[in-house]
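Chain nomenclature is as follows: A, B and C, assigned in order of appearance, with residue numbering initiated at 1 for each chain independently.
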Amino acid sequence: MTTPTDPVLPATRGRRARQWAFRAWALVALFIVVAPAVWLVAGVVARAVPHWRWSVLTTTTAGTGGGLENAVLGSLVLMAGVLVVAGSVGVMSGIHLAGMAPGSRPHGRVTAVARLAIDVLSGFPSIVLGYVGYVALVVGLHWQYSLLPAVLVLSVMVVPYIARSTETALRQVPAGYREGADALGMPGGYALRRILLRAALPGITTGLLVALAIAGGETAPLIYTAGWSTGLPSAALVHHQIGYLTYPIWEFWNYPLASARTLSYDAALVLMVLVLLLLVAARFVVARTQRHAEGRRT
Amino acid sequence: MTTIGTGAPTPATLPGRGGRPAGRHSITQRAARILRGREEPAWRAAARIASIVPLGALAFTLTVLAVKAWPAIRVNGAHFLTGTDWRPGSAYGAVVRTHGVAHPAGSSYGAWALIAGTLQTSAIAIVIAVPVSVGAAFALTERLPGWLARPLGLAIETLAGIPSVIVGLWGALTLGPFLAQHVYPFVAGHVPDVPVLRYFRGPTGHGEGLLTSGIVLALMIVPIIASTARDLFAQVPPLPKEGAQALGMTDAEVARWVTLPWVRSGLVGATILGLGRALGETIAVAMVSGSVIAIAPNMYGNMTTIAATIVSQLDSAATDGTGFATATLAEAGLVLAIISVVVNVLARRVIARSSRLGLPVGSAA
Amino acid sequence: MAWPASSVPTRAAGPESPLLDPVLQALDPDRDRPADILHATGLTLGFGSKTVVADIDAAFPRGTITALIGPTGSGKSTFLRTLNRMNDKVPGFRRHGDVRLDGSSIFTPDQDLLGLRRRVGMLFQRPNPFPMSIRDNVVAGVRAHRIARGKQLDVVAEQRLSQVGLWDAVKDRLRDSPFRLSGGQQQLLCLARALAVGPEVLLLDEPTSSLDPVSTETVENLLRSLTPALTLVIVTHNLAQARRLSHRTMFLFDGALVEHGTTEQIFESPREEHTQRYVTGRIG
């Protein structure tokens, strides 16, 4: 993509200077973007690894020390809850927004209102959602700090994301699939289940995985809905506090006790690995389908 | 086709008249037919419910916020938007009533410092993030070979997924102290004493404060803007670019006259989206802002934002027996929600318009 | 080469006889049905404020191939897609007038849309196999309509693939992706899929425009073999194809049906000057 520089062009010096300034700016900018990312990951690893004990994963938190088993399991339980609640609502909303649900019309008024609601929700600051969860569910409904309000608040946060990625994935399904299904007289829901959703599945899966990563890395809305527990998570939906990985990071990072700070760094490392695994899995799904799609070209 | 399965009819008799099903069906076929009759209504109902749930959640959230904030709005009045005092009053002192709303004696809430802090940090983040992101996107799409650009692009996208509490941890423990030791003193000592730049002079603190918060926020929104910009640049069709190159334009000029105008509204949308994220970011800012409810005296001064204040004060607000502190936080949340939602919806609409204009009309339309 | 107009199957009304009627009925189930399987009357179609096709009357005799010809934008495809109501979901679609299938309107509210599309199948410009195995593609419609199940599906798949001449080429890779087949083979697969549900009418929207000449000939021969069991309506830009393949030809121009007659008549002795200029390649 390099342009051959022509020495006989007029005003060459000024143009060449601007040319080099432009190239330098682009490369410096890229460095400024990438370097902190590397520094950040390296920094988190460097703080956690020197004191790392594998027992962190198998013991529960004791006061300001101990392990993180309760937090890891709690985070997984929360994410599972989000997958069930936000996953079902989000995917169905996405189908609706894409105009592919039987009886839904992509340009109808119901769809427009649903889209506006999702746009507004996606811009809602997570701490404000956490506040509402706290005053309305934890205090108002007397659920206390527990699993259910935490899952609901996290779900409201990520439903817009899931709905949009589902919509995008469905819109990218070749129009011919739908036309072919229509022309065969397949019922709308049947075509959706057998053909359209199947074709959009990689995109939807990626959206779900990223949504889980977002939910798993959230802190602000959880502090006032999930509470914190040093015990392992139970099946109770309400009245029982639950641990999660972001809490020790936020609570212990500047604690005047070395053991507490170590716990904070360990939690940061575990959380980062967990989130990166989810994101890499999402990448992997995309990459696999892209290979598949290339084979599809006729 | 009742003959199917009993042998291969000759092709000539296969299609055509008489090809419609006659009345004969096995019991399982009939059962399947009934089940299929249920499938369509089930999809219909599920889609209808799922499209109503987000709307319900939104209405619930807004209602709770408004109801909770209403007493605070009545008592705090316009002072809430302009005042800079934030006094909960005495939790054990007398309770007084204003406009019929009970609140502790001596309580007075002015959120201007929080609002200003929110706007300042977000502005700093945008000023840093936009040129850096656009430059990085140019480097990725125009300058680097694919084998290098692809992994770097992935790394940037992945950065968007790093939890904000981890970014905050790194900002507070590593980046902030580094800047306070090696960068801020240098900048503060060399900036001329003229308007605007004067704000960069003065004591540089320990790494917590306005500029560090802005930089950390910039770091968090760069992935959003950079990856959108990269996708936008990649979508600019090659023909106009080649045409400009054929005129003898340098790649700087191609960028200036072809690529940037082509994707402008998309970039604006991505920027507003990043702004929305910066406005609502909570934990990272709470960890690096210094958490002081005041307007920062200079770029290094301690301050806070609306979101950071809510997260750090909600538990102590519960000690206000009149519930007035909690109500005031609802009012702050309402202000933040209004700002972020306006910004976000604006961004979505700008992006939606640009993607209609900028991209070739797809066959799916 | 156009087929002689006399070879167009026509149905004379039989003698009224209580004794003979059941016999005749058994010999010819279509005896009591209208001779024209599809009949459009006063059909006006448009999107939003734009009218695409105006006031068309056209009949499609049972067992014939009708070609729709005309320049791009003349409304051929819109008209074709209305015959199995594929335009219903297009935003802003408007329709006046009626289409009758075997004498009953396809637009009545209680019309079973899915059943209609089963009776009136469609083949598209570009092959559009589903992202499932070759075998599953053939039986996709059969499964949806619960026409057959289990082992019967394999029988259906073999029959239909044999019918379109694809069986030998794919019998060893029925579980493979259809996307590795050539364009022509994919289109044959889509034809097999459409035939598998047992349609009475097949609508074809430029079915060979994305195929090479050899595949085109294969598809054309196959289409010819489908009559008189099926009734075919084909939109084509290829005048030679219309002439080779069809019994009857409709010439549309700018949303109006300019001329409609036997293919021989349209190409050899067109009544309208417009038609004359189009079929001789002077406008288009």
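We take it that a contact is a pair of C-beta atoms (placed from the backbone, for glycine too) under 8 Å apart; a residue touches a chain by one contact, two chains touch by 3 or more.
Just so we're clear, the structure is a prediction, and the values are computed from it rather than from any experiment.
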item	value
Most remote chain, CA-based centroid, reference being chain C	B
Interface ranked first by C-beta contact pairs	A-B
Centre-to-centre distance between chain B and chain A (centres being mean Cα positions), rounded to whole Å	13
Interchain centroid distance [CA atoms averaged], chain B/chain C, Å	51
Interchain centroid distance [CA atoms averaged], chain A/chain C, Å	48
Residues of chain A touching at least two other chains	174, 187, 190
In chain B, residues with contacts to at least two other chains	36
For chain C, residues that touch 2 or more chains besides their own	118, 145
Residues of chain C touching chain A in the complex	84, 86, 89, 91, 113-118, 121-122, 124, 126-132, 140-141, 143-145, 177, 179-180, 182-183, 186, 190, 193-194, 197
Complex interface listing, chain A residues touching chain C	106-107, 174, 176-177, 179-187, 190-191, 194-195, 198-199, 295-298
In the complex with chain B, residue positions of chain A that touch it	1-3, 5-6, 9, 15-16, 18-19, 21-23, 25-30, 32-34, 36-37, 39-40, 43-44, 47, 88-93, 95-97, 101-104, 110-111, 113-114, 116-132, 134-136, 140, 156, 159-160, 163, 171, 174-175, 187-190, 192-193, 210, 213-214, 216-220, 223-224, 246, 249-250, 253-254, 264-265, 268, 271-272, 275-276, 278-280, 283
Chain B - residues contacting chain A, complex	36, 39-40, 42-44, 46-55, 57-58, 60-61, 64-65, 68, 131-136, 138-140, 142-144, 152, 154-156, 158-159, 161-170, 172-175, 219, 222-223, 226, 245, 248-255, 276, 279-280, 282-283, 287, 307, 310-311, 314-315, 326, 329-330, 333-334, 336-337, 340-341, 343-345, 348, 363-364
